[in-house]
Each structure stands twice: as structure tokens, then as C-alpha cells.
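What follows is subunit A paired twice: with subunit B in the first complex and subunit C in the second.
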Partner chain A sequence: MLQTLPRRAVVALLALSVFFPLGLVLWQSVLSGPFFMPSAQLSLESFVFIFEDPDFWMATRNTLIIAVGMSVIAIPLGAVLAFIMVRTDLPGRRWLETPILIPIFVSPVVLAFGYVVSLGPVGFFSVWFEALFGHVPWNIYSLASIVVIAGLTHVPHVYLYSSSALRNLGSDVEEAARLSGASPFRVARDVSIPMVSPALLYVGVLVFFLGFEIFGLPLILGDPEGHLVLTTYLYKLTNKLGTPSYHLMAAVATCIIAVTFPLVLLQRALLKSAQRFVAMKGKSARQRPLALGPWKWVALAVIALWLLLTIVVPVSGVALRSVVSSWGTGINLLEVLTLDHFRAVFEEDVMIRSILNSILIGTFGGALAVGGYLLVGLATHRKADGLSRLVDYIVLTPRAVPGLMAGLAVFWVFLFVPFLAPLRSTLFSVWFAYAVVWLAYGMRLIQSALMQVGPELEEAGRLVGASRARVSLDITVPLIRNGLLGAWLLVFMIFEREYSTGVYLLSPGTEVIGAQIVSLWASGAVDVVAALSLINMLLVGSGLALALRFGVKLHD
Partner chain B sequence: MTDKTILSVDNLALSYGSNPILKGVSMQLRRGEVVSLLGPSGSGKTTLLRAVAGLEQPHAGSVTIAGRTIYDGAAGIDIPAEKRDLGLVFQSYALWPHKTVFDNVAYPLKLRKVGQGEIAERVHAALKNLGLGHLAERYPHQLSGGQQQRVSIARALVYNPPVILLDEPLSNLDAKMREEARAWLRNLIVEMQLSALVVTHDQSEAMAMSDRILLLNGGVIEQQGSPQEMYSQPQTYFVADFMGSNNILKGRVAEIRDGEACVEVDGQLRIWGRRRSDAAIGQEVKAVLRVEQLRLADGPGEHRLAMDLATSMFLGDRFEYVFHAGDTLLRAWGNRPEAAGQRWLEFPPDAVWVF
Partner chain C sequence: MKFPFQHARRRLGFLIAATLVGLAAGSLPARAQSTADLAAAAAKEGKLVIYGVTDNEQANHLIREFRVQYPAVQVEYSNMSTTELYNRFISESAAGSSADVTWSSAMDLQVKLVNDGYAQPHKSAETAKLPEWANWKNEAFGTTYEPIGIVYNKRLVPAADVPQSHADFIRLLSTQADKYKGKVTTYDPEKSGVGFMLVTQDKQVNGAGFADLLKAFGGVAVRVQGATGTMMERIASGENLIGYNLNAAYALTRAQKDPSIGIVLPKDYTLVLSRVMFIAKGAKHPNAAKLWLDFVLSKKGQEIIASKADLYAIRPDVEGDTTASGLKKQLGDALRPVPIGTGLLTYLDQAKRLDFLKQWNAAVKAK
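And then the complex of A and B:
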């Protein structure tokens, strides 16, 4: 059949792009050495090695502490924030919506760096605080600090899901409770929160497994005191034995996937049950906001404090650090202002290349990725068959693989597949890794756009004589133009923000800002890191400004 | 099957999973005929239409259009929707919002590789025919509901399909426009000698528009026939109840005489009617009484009963009287207001069916 052939080709290519790198990781984990060495044999010795390494167990313990700790912080805060923003008459709600979502789009490695220069032992805010109060009560490098920062920066994720669930909740069910005699707070406790609990459970699982994959924060904040997590442990393994210890890294990655993959499947099951809840929703009539009264000042203060801690402090730190030559106690910042760091960046070809590459991968790469996601979306659009279900699972799989490891697996693919080898040191390899890592995110954007198209518009096309492919081309795609533009802008921001996926793919020609920062941080080039971080934030910020200008919704 | 048959559906069966929707439906549509698929929601009428169009997947039976088999479960024939050459007017009209009226109507011709000049000619002719000549450059959102419906019809007719399918064509119009559109649509179909299959849930719409009605119930055809037959000779309780405005009285058979039966309601009312089932004396039955056939009478007489009038309601073109009949209410129509109290009501036996 002519119609099913391209469809199968798209799905086959997708399956290969996802399962080949992943399969390589799993296979590598049961070899005694790097898979390209002739001496490598089937063996479990890499698992034996890491299980005997006390560092591995410390990293596992820390990872669990962080995953649990950040869930405990992020979920109640995010849910309360969502309730205040959606259901109350808090002044300035509309204005606050965008700042709340910013942490999602700022690279964690940049945020971590911002915390170091703001709240570290000689950070700007620490110095000011010490001058005022005599001593600094916090230690930014402690495990507790990492947990708190990870928790605070993941509040927006919880906010996103619970606010959209609250918005979908018809006010009629709440009004029914009010008329039955419940006070506004009883309504929230007995009706609103229970009705969004599937969304909260879903996002709880999400935050927990994001805890297993965080890399930038513990890399920068955990290093001085030696707090390892599984991803940084994996990163440090690179040269543990002198030769590339790919088999050990693959074993660690397999352990992480063994935890995250079941969580991804659990999430999928939870989403299904959450949708059942949504199907029962009442009419989404205009909702009457709950009057906060004097409590609004408390709510505003909590939100302001949170914004201060998660955005203002780290971002202002990065901005300030990028324009001063030295910092610390007794230094008048006005006297050390300089643009030297930016000059240094623009004098080096590598830096200029990494900036250009970052822009290229966000714009062209983003468009290309959206195009690819669109093909996959169209291949499964309105086709509830086995192939579509298969695609569902393929799309979810990369979520379970930390970006760092996905980048390494893609590196292996480009290293050893003969016809791909020449592309390894081109931006294509980085783009491919990014596109696979963000597959689930991109597909959600495409699918929600496709869902907006009424089925009868496509059926009308079929009836008047257009084939499936023709209907896609002439009707479906033109109708979702705006959705595609929005997806492109969001993918642009996500690609600018990405840092861990490019780490192992970093070579002359494939430099991108995020990976460059990780690599420069290790060499201690703080001045350049500051300048690059600011440039990175400016790129993301311009994407954000464009998205807001075009009215792109930052969430679905 | 005569050579006048243009659409023939034979024993078509369709299920969603293990849930059967069509349980073997057969029907014919003759050239130049309008057939309505009527039935309550869930009866399978829309599914039947969509299966003919190729938008639903049956699992057995066959569909033939103008002598060409487009679906045959046994022979494994299943022509895709775009190759069936049918015209479908969607309930929501399904106009493509990114194309102008002209482009919407021109698209089927473009797909058929008709030349530019001829496309323009035929589209303008079709639009003019439907009174849309001046709207060609508009976009669908700039049109009223009635205009959108006409564009949707123009799009379905422009390539001269042998059969046109209409899915609830009037349900998106407001009540007042619906009656005008009904007359306009019937006139259009007759004038253009179209063969049309129409899905509707509204019995008066079906009776007004069609030459023949198929009443579906639970995935099978309950009864088919001309609107008059369907209305005045219902074969089953379901048909009698579905067509027209009815009073339903439950009681027991008290007496049987020639094709007539006497129903005793609550041990007091005794009403004679046509016997439509083989219920014997003493068995529980339902009597269906057409509201418009019950008449107020000025005194006692044959088939007349004294009833207690509760109230009368003004409906604009007539009055509706509400009587107490045991535990239930009985409705009748008349053309003057009546005060509450005892009244005589006439029950003509040929307007009462006993099932």
C-alpha cells in the first residue's frame, strides 16, 4: 500500500533513532571493556565494579535524598502557587504568570553558577549579608542547599500541571459545594484539590524522576564538598581507569534507567487516569476568584521571596559576575567593572563558534526537529492501531535516559556506524542527540496542536477525493501553522537551555554554549563562564520575548 | 434490485470493539430519491452513513454504489473514502477555515485535475446556483450559519457525485431558520434530481424532506416506508412511539373483537384501539394515542369518555389540554381555551394502537 509505506518508514527510522543508542548503552553495560575493543567480552564485571565502589552507593544515597527532598519541597509549593494564581484574586496575577515559568527555560548549569557567585562563600549576596549581620548562616555547597535549590527550581513544573488541571475544573462543581454549605477553604480541601489529585500525583512522579536526572546543579554545587549524585558519578567515571571506562558508565546509566523507565511507564498510566478525571469535568464557565482579603499580602510575599531566590539572586549574580574583574570581601564593585570577559569570548574562535552553533541549533535545528516531530505526529494522527501504540512507547523511552548518557550513546553511534562517522564532528550529531532527548517534549507540543484540528475537516477532505497524505498536506498542516510556530519557539528555548547532552559530543566544530560551560567550569575559567552564561540567558530570553510577542502559550 | 437502485447496502455489520453498532442493515436508495435514516441517538444511523462514506470500518456485509462495489466484507473489498466519489455534507459543515469559499468548493475539482478555467467556471456556477455568488472570496468565519451550510452543500455537489450524504443537515441552524432551510433543501434536491441519504433524529424533518424513511433502533432497521406509512401504520410499539406526538397509556386487555382490543387503564378508563400485537385478554399492554387525533366532544357518545381537564396551555397555533388519566397525564389539542373541569374526550379507534 502506497499510503502505509512512508508511515512505516517514519516509524522505523524513529525506532532506530531511539532504540539503537539505547541498545548500545545496555549492551555496553554487560561487556568487560569498551565495546570497540577486541578484548571486550560478555561479563557483569562492570556492575560488580560499581557495586563495590563506595562512591556509587554514596551517589545513590544522595540522589535519593535529592529526589525525595525536592519532591517534598516542590509539590506543595507548586500546588499552593497554582491555587493562588488560578483560584484567588491575588493582585497582579496576570503579570506574575511569565516570571513563574522562567526557571523552566534557564539552563540549570547557569543557575548553579549563579548561586555560586551570589551565595557562595565570597558571593555578592554573601558578602553583603556578612557586612550587615556579621556572618553568613548558609553553606551553598552542602547537600541540604542542593536539595532546597533543586526543590525551588522545580516548583514551575508542579505549577504548570496543577494550574492547568485547576483551570480545567469547572466552577460548577465548586459552586455546588458552596451552595451545599461549604466555605471557600472547605471547597478547596474537599472538592478542588481532590479533583486535581491525579495531576498532582502525575507531577509528583515527574519531579521524582527528574531528581534522578539532575546534573548541572550537583556538578557545580556538589563538587567542592564532594557530594556526588548518580549523574555526576557517571561523569567523573570518564577517566577513572585511565582508559575510557565506557562499560562502567553504561552500567551506571543502566542502573539509572532501571529506576526511571518504570517511573515513565507509571506516569503514562497516571496520565490516562487523569484524563478520565478531566472527561468528567463540568462546564468550564467563568470562575469566580476566591477573595484573599489581607492574606493576599502573605501570598504576595511568599511568591516574591520565591522569585527572589530562584530567579533574581542567581540571574543577577551571573549578570554582575560577567562585568566585574574580581569579587569578594572589601572590593568596591564599581571600581572593577569591565567588559574584558566578553572581549575574551569574542576573541576566541572556539567561543564565537559555540555561540553561532548554539544559535544555529536553536533556529535551524529547532525547525528541523519540529519538522521531524511533525512527521511522526502525522504518521500516527487519527490512527489508533498497533503502530501508533508502538510510537507512544518509543516517544516516552528517551525521557528515561539522562541527557548526559544519551549524548554519549549518540557519540558512540556516530563513532562506529561507518556512513555516519564523517558527521560526528559536525553539528548534525549534536542536533540528532538533542532531537532524540527532547522527543517526548516535542511530540507533546505537536500532538496538542494536531488535536485542535476537528476530525470532520480531515474527513471532508477524504470524501471529496484527497488521499491521506494529500489531506495532511492541504488541510491538517496549514491548519496547525500557529501551533508549529509555537512549537518551534519552545524547542528553540529548550535547545538553547540544553547543556548535558552535548558534553560528550563536544569536539572542534560541535561546540555549543551549554556543553562549553560544563567543560570550562572544570578548567576553572570562571570569567569566561560568566560571560557565556549571560549570553546563553540572553538567547533564551530573546526566544521567550518572541514567544510572548506571538502569544505562544508556554504550556499546554 | 432494479436498475434504478443507485445505492445498495446489504447486511452491513459494524462493531466498536465487542460492542455491535450495526447488526446487519440492508437498504436501497433509488435514483432521484431522498431516504432519511431516522432514529434515537445510539441507534446507529450516523454510523451507517459514515460506513457508506468509508469513514467507519464495517466487518461484514457489502455496499454498492451505481453498480460498483465499494465495500464487501467477504470479498475483502474496501475502497478508501477518497475513491468512493461520494458527497457528504457534515453536521458541522466542516469548511476548511484556511481556505476561501471559492477554494473550499474548488478543492475537489483540483484533486480531480480539472483545468483552472473549468474549475472557476464550475465553482462559480455551483455558488450561483446556491445563492452564494457574491461570497466567493470570503472565509468561512465571515459567513452566517445558513451560508456555511450552503457552501458545504456546494462543495459536496460540485463534482457531481452519484449520491449525496447529509449528516443532520439542519441541526446547526436555529429553530426559525430550520423550517425555511428544510423547504429550501427539499426543493434543491428535487430540482437537481439528487439521490440523497439524510441522517436525522428529528421525525418531522425526516417526514418533510424524504420520500422514504428508515427507522433504526439498536443497530437494526425497525421499519421502513413512506412518511405516511410510517406515521399511520406503525408495525411496532417503537415506531408508533417514535413517530408523532403521543400519549402512552398502560393497562390490561379487557376485550378483543375483530382486529380491535379494549384496554382498561387503572380499572376505570376503557379505550378501544387497533390491535397491533397478539396480547391476550388480561395481559399488560400499552396503548399509543396520537395527541392530534384526540378531540374534545360536546357530550357523551361512542368512543367518548368523561375526563378531568387539569389545565390548558397556549402553544401559539393551538391549545394543549392536559387531562388526568389515572396516574398519568393525557394531552390533546384544540383551538380554544378551556377552563378546568369535567370534559368529554373522543378516542377514534383507528388513531389508537394497542401493543
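And then the complex of A and C:
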């Protein structure tokens, strides 16, 4: 029974890390001022204020439109994409797998910035398009554009879940349909996709809920025409009253959590039923790819167009903007080529520090986070008791909190917990916030690695008298070291991509590229934003290259 | 609380002066002596923490020279936005201690902090050089003299259109509304504290013309932004053509690199903003803070502000284009510096602020 103590300690620490910051947010939302000011009193005035503010309702409406709109776009597209990639003989499938997943790992602020410089009113592509056809038919700053872009960039999420569900299905029914004369599209629509509908329902909830937390895209694209969503409304409250309105921000965060937390629970319930459904169908493993015939050109064209819109256009925009000093109508790009922006980045200590910090937080921070997740994973591994169920819920909770607010809460924690205070202006505070915000993601990686260890191996260890800790150390962990390496690389990429969580933690010593971009964008230093964005993509790209080199699967 | 301290200081100053008079020395060495004392005390502290909104690049010019003069004082400068600075300063002060010096262009927030008792007074030969409106209770000090102007794209706005005054600007927008629709940009008063302050100053200074200005903005569906840099970028690219209430100091920096940027300082009136600096009451390095404040206000410091940091010097005895005296030659009585004082607190009142924003939104978002 010696092992129960460390196990309980791990769970207690986990609970504290999750619930203390969350509790601060909830507590702050029912106060009349910043919680650290002596004048703050218990009051519901913050809720009264936001419910009376027309901007709040506008933001709520826009958030709903975006969440619904992006689900409507991403789910069918992602499902079709998964069908084409998993069940058909499309040429170059293996090669296409990686580019399809790239949008998951590119920071949304970088993407949004890319769209502005590519497709904005005077963007590179807009200017070329106008020269060819006379006018630009799209408006990148409209709510519709935000919905379309959000939808397109979330296709990979749908793809991930539906493709793994499709992989578990036998192909006999599809073949039967094809033999009776159905087109591949018909097969997908009437046979394969309905069969993975539980997975689609699950991912539908996921995408809808991501719609509530979306921040980078509306921050940059919604700004010029004033389209607010709940997260950008929250961000805007930092300034609206002239002095900080922490209580109002916390009230908005509480409203968001009131929507997202039930969705997280719903997701959990759905995941269980989806797994059950797939497991029953997964017995006949033999799969034969469906022959697409001439349809393969259509399929390839759809994928190419999607890749062009979601990756090539924004990324090339960022790359181009980072090497020109000026842009827009009437500018010859060849005359304004320059490397000054990169020079400016490498001349400033702050920028160099933010690049180094980003690397540190991805590599060491990523490893440390994986270590922490592993401890939690081991604490609940093969133990289906109350404590494990509790951990399940604790792990899911941070998913419901917008990264922006989680960062602010962690800032407060480090400010007012005496023994943590010296760590506030160190990278540790940022790491802690990241590790908590990405807890659910990391735990999924760890748990899927742990699942692959056959129970008989661990039981053998136990039989010869080894303690639980010893079994973990000598049997379980060595067996999953490849899984851990994969988890580390994926966490590296996610930490490089993260931006909103660091916004309120930004201070000398804690600069990371993502938060730095948000802050620089607000101050309008676009040249430097472009250069930093490109550097950020290079970092993520090298993580991706390493992951591919080591054969890490980008999904489970 | 601070009175006994002031008395003690004054008594000490008197003592030193008396001693020096006794030694038959002039008043000049007396001042040098006190700066030397301050420098010695600062050297003992060894460090100085500044929170500022001025870009690192610009602030570094000042810091470098300060380090040359006082190598024993390490300077830790953190650059952040005006709101971040305010938030960080009050929350850190509540948790213990924060920066020694804050330096921000959000004049209203700085005045609020001083008004709420977060500052300590300082009086020296350098602070005496400031114009009266730029020194509030010897606690809040204006350090720059930055004119607010109209910025336009030289490639795309014909010379005949370029407005020379606020009246011209309003006329241009109302007579050529189609041409400038969606092409005019200004601060979003909901997002930018500085933008809010400027437009409320407009309301006070422009009087009757202000309603016309709002109407003109509504007529061209003005695009609002949270920061000067974003507006500059849009004007340079041609996405927007004219920007209103932009800090000419920033525009000037950009214009040096980008020939498409043009700047006008309106002839009827030009608002002037001053970056406010104060020493924190709970400063851990109070002497270093005083030394720094004196340095920024010194002739040398002001010359760096004017020539290298691309801001405008406030000290009347510093000469050049980017100084208060240079601007006076050019614009004379049209200059309207925003006085540092309780007047700035009016719109930090929640009801008044929301009222103004409502008025702004109703006028500007009207189709």
C-alpha cells in the first residue's frame, strides 16, 4: 500500500494546478473590482454590465454563427477527405497525409496574418487578381470570410477522427455498394460516412466547441470591421473602461465556460459510445481500397484547392511580407525586397530572447510536460477506481477554459502565492500555463501509448514480486518510449504554436514568439510580426520534419 | 506620510547649502554636489526597473547614454502596452512591489496612478525646467512633446486633397465621401486609451466642429484600429489613404524609411501629447529612479529624445525641428498640449466613458 501515497500526491497536485486558477476566475467574476484591491466586494455587477452591453450579445451571436458555420464546412469536408484518403486508391495518398495535418500545427495568428497580407484589400493575391480581372470579389474582413477560414482550417481535426474510425471498418459493404453501380461519391455519402457517424458526432461537438474558443483569427480578421467574438470581446474589455476590468473579463470567461464545460462532458460521453460502436464493427479487418476511376482527378482537385487556400496562400503571404519593406497598390515588389526585418529581429535582445524561449519551452518544457502527463497517466494506469475517474474529469476541465483567460489566471496565481512569486517572471510560469492548458491533449497521447502495453507483461512483473512503481519504471515506461518520443514531438509543436495563453504572462524573461506576435500586432509592428511568424513556422516545421523522420504518427 | 520626509529632505538641502555658502562656494557646485550624492546613492542601489510603452529601440538610445554616465546602475527596461503597464503596476504593487519608474503615453492612466497615491515627489534643477502644465504636484512629469497629426499616402492622395486643418479634413470627407469611403482610419477609442484621450481632447478643443467630425467619420465609414502602427501599415499599403489623430513622432520615423508617408500638422490646432513619467512610491531603487528622471529631463537626455529616439523634446531650451521650440516656430499658438492634471480623470469615470463611447458609436457606425 506504499504506492497509494505518491499516487494521491500526483492527483492532488494535478487537482490544485487545474482548480486553483479556475477558482480564481470564478471568484473574480463575482467581485466588483480586481480581486487584489481592498475595495473589491462581492457583487454580481460584472454580469449585469456584460448582459447590458450590446457588444456582448453581438459577440455571442457571432460566436454562434462561427461555431455553427465552421462545423457545417469542416465536418462534410473532413469526412469526405478522410474517405478519399482511407478508402480509395487516390494516387499519392501517402504523400498527402502530412500536408493535410499541417493547419493543426500552424499558429492561427500566423495564419490570420497570412490571410491579411495575401487576400486583404491590398494583399499580394488581391492585387494580382485585380490586375487580371478588374476587381476583387472577396472581403477578407467579413464575418463570412472568418467563418469560411475557420471552417477550412478545422478540416484536419475532422479528418483525424473520421479517418481513424474509417480505418477500423471492413470494406465489404462498400464493395457491395460499388458493385451494384454506386459512384464513389455515393458510396461515401450513403455507406461509409453514415457508418462512422458516432465519430463524426463526436468531432462535430469538438469543432463546435473550438468555435467558442477561437481567438487568433477573429482578433486579426474581425478587427477592421468590428466583428467581435466572445474571446475578442473579453480581450477588448482589457481596455474599454480605460482601467482594467478583470471582473468583467472573468464574467465573460465564466459565460464561455458555462457553454464549453457541458460540451466537454458531452464529448466524453460521445467518445465512449463512439469507441463502442467502432469496436463492434472492427472485427473484419481486411480492407480493399475503392477504385476511384476518373473521379480521382476531381478528388485531387478538391484536395489541391483546399491545400492552396488553407496553407499555400497564407504561408506564402507571410513569407513574402517578411522580405519586403512595403506592399500594396502601386508597389513593385522587386524594388522593395529587403532582409531588414530579420536583421531587426536579430538585433533586438527581446526578439532573440523570445525565439530562444520558444525553443526552450518546446524542447525542455515539452519534455517536462510529457513527464508530468506520464506521472498522471501512470497514476491511473490499470486502476479503474474512483480516483482514476476523478482524474478523467480533472484532465478535461482545462479544455473548457479559453487559453487567454487561463494565462491571466496563472499570472494571478504566480503573483499572489508567495513561494511562487519569484518564479513569475521566469519561463516556468509560461510553461505551467501551457502544461495545464494542453493537459487533455497530452493525456490523450500518453494514454494511447499506455494502452498499447499488454497487461500480461505488467502482470508478469507483479507476479515475480515487483512493486507497482518498479513495474512502471522497468516494464511500462521502457515499452512506451517510442510513444513518449512521439508525444514529446507533438507537444513541442503544440507549444510552439500556442499564442493566447502567453498574452498576459508576457514580461521580460517570459517572452515567447506566439504571445510576442499578438502584442506586436496590437502595436502595429507588422514588419517584425512577419519575420517572427516565418521563424515560428520554421520551428514548427523542424518539429514536424523530426517527427516524420522518427516515424511518429501525427495522430492515434 | 510623505510630509515629514519632505521636511527632512528640505532641511538636509538647507544644511548642505548653508555649509557650502560657509565654504564660499557658488550655487552651481551645490547642485552638482546633490547630483553626485544622488549618483552615489543610486550606485549603491545598483539597479533600476522601468516599465515603459516606448519601443525598446527608442528607449535604448536613452538607456545607453545613461549607462555611460552612471555605469554602476543596471537598467532593466520592460516594454509593454499602456494597459498592460497599468495592470501590471497595480497588481504587482498590491502583491508587494513593482517598477521603480513608469513611463507611459496614456497620460490619463498615469495621472490616475499618481492621484491614487502610487507616486513619490521629486524636485530638482531639471524638473524646474519643465513648462508648468507638464509638472503635476512634482509627482507626474511630461517628458516629450509629441504633436498629433494627419497622415496620408503620398502615392495615392493628390496634393490638392491634402487637408491643412481640421476644417479642411471635415470638408474633404464630406465633399468626397465616395472616394474616401472605407479609406479613412483613426484610433478605436474602445481599444486604445490614447485614442480615447485624443478624441475627447478634440471634443473639448474643437467645440462645434466636433459633431461635424463625427458625422464626416460616419459618412466615410471610418476604419478604426487599436494602434498607430496598424494604421501606418494600412496607410502605407494604400488599404487606407488618410489617418486621423496619429502621433507625428511615429509617422516621422516611418516616413524616413517609407517615401509614401506624408504628415500634416493641422494649422487651426494641433494636439500635443506628452509621455508621463513618475517615480513609484514603493520604488526599491528610489535614488536610481530620481537619477533617471533627472537624466531624461536633462539637456542631454532631451537632445537624445529629439534627435535619436524620434520623439519630440519638451524642454524649451533644446533646439531643432523635433522639439517644442521648433514646433512653436512652425505652428505658434495652434499648439494645444494636453495638460497633466485632474482634468484627465474626467473620462475614467465609467458612466461618462460609456456615454462618450455610445455617442461615438452612434455617430461613426451610422450608415
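By definition in this document, the second predicted complex is superposed on the first by the 530 of 556 C-alpha atoms of A that agree within 3 Å, B and C clash if a C-alpha of one lies under 4 Å from a C-alpha of the other, contacts with A are read in each partner's own complex, and residues count from 1 in each chain.
Basically, contacts are C-beta pairs under 8 Å (C-beta built on N, C-alpha and C of every residue); 3 or more make two chains touch, one makes a residue touch a chain.
Owing to the predicted nature of the structure, the values given are computational and were not obtained by experimental measurement.
Colleague: Quick check on the superposition: with subunit A as the shared anchor, is it clash or fit for subunit B versus subunit C?
Modeller: They fit: once the shared chain is superposed, the two partners occupy separate space.
Colleague: Is it subunit B or subunit C that touches the larger share of residues in subunit A?
Modeller: Per-residue touch count on subunit A favours C.
Colleague: Report for A:S43: first if it touches subunit B alone, second if subunit C alone, otherwise both or neither.
Modeller: neither
Colleague: According to the stated criteria, A:T98 is in contact with first (subunit B), second (subunit C), both, or neither; which is it?
Modeller: After superposing on A, A:T98 lies clear of both subunit B and subunit C.
Colleague: So, does A:S523 touch the first partner subunit B, the second partner subunit C, both, or neither?
Modeller: second
Colleague: Name the contact category of A:V464: first (subunit B only), second (subunit C only), both, or neither.
Modeller: Only subunit B is touched by A:V464; subunit C is not.
Colleague: Applying the document's definition of touch, where does A:A421 land relative to subunit B and subunit C: first, second, both, or neither?
Modeller: Only subunit C; A:A421 stays clear of subunit B.
Colleague: After lining up the shared chain so the two structures overlap, which partner does A:D474 touch, if you call subunit B first and subunit C second: first, second, both or neither?
Modeller: Once the two structures are laid over each other on A, A:D474 reaches subunit B alone.
Colleague: Touch test for A:T238: subunit B only (first), subunit C only (second), both, or neither?
Modeller: second
Colleague: Which partner does A:G454 contact after superposing on A: first (subunit B), second (subunit C), both, neither?
Modeller: first
Colleague: In Å, how small is the closest CA gap from subunit B to subunit C once the two complexes are overlaid?
Modeller: Minimum C-alpha separation, subunit B to subunit C, in the superposed model is 50 Å.
Colleague: Taking the two structures together, which residues of subunit A meet both subunit B and subunit C?
Modeller: Comparing the two interfaces on subunit A, one with subunit B and one with subunit C, no residues are shared.
Colleague: Show which residues of subunit C lie in contact with subunit A when the two form their complex.
Modeller: Within the complex, subunit C contacts subunit A at residues 56-57, 76, 78-81, 83-84, 86-88, 90-92, 94-96, 108-109, 112, 155-156, 190-193, 196, 223-233, 236-239, 257-258, 260, 347-348, 350, 353-354, 357, 365.
Colleague: Where on subunit B is subunit A touching in the complex?
Modeller: Touching subunit A from subunit B are residues 53-55, 80-88, 90-92, 94-98, 107-108, 111-112, 155-156, 159.
Colleague: Hey, which residues of subunit A end up touching subunit C in the complex?
Modeller: Listed in rising order, the residues are 34, 36-37, 120-122, 223-224, 226, 236, 238-244, 325-331, 348-350, 412, 415-416, 421, 506-508, 519, 521-526.
Colleague: What does subunit A use to touch subunit B in their complex?
Modeller: That would be residues 454, 456-457, 459-467, 470, 474-475, 478-479 of subunit A.
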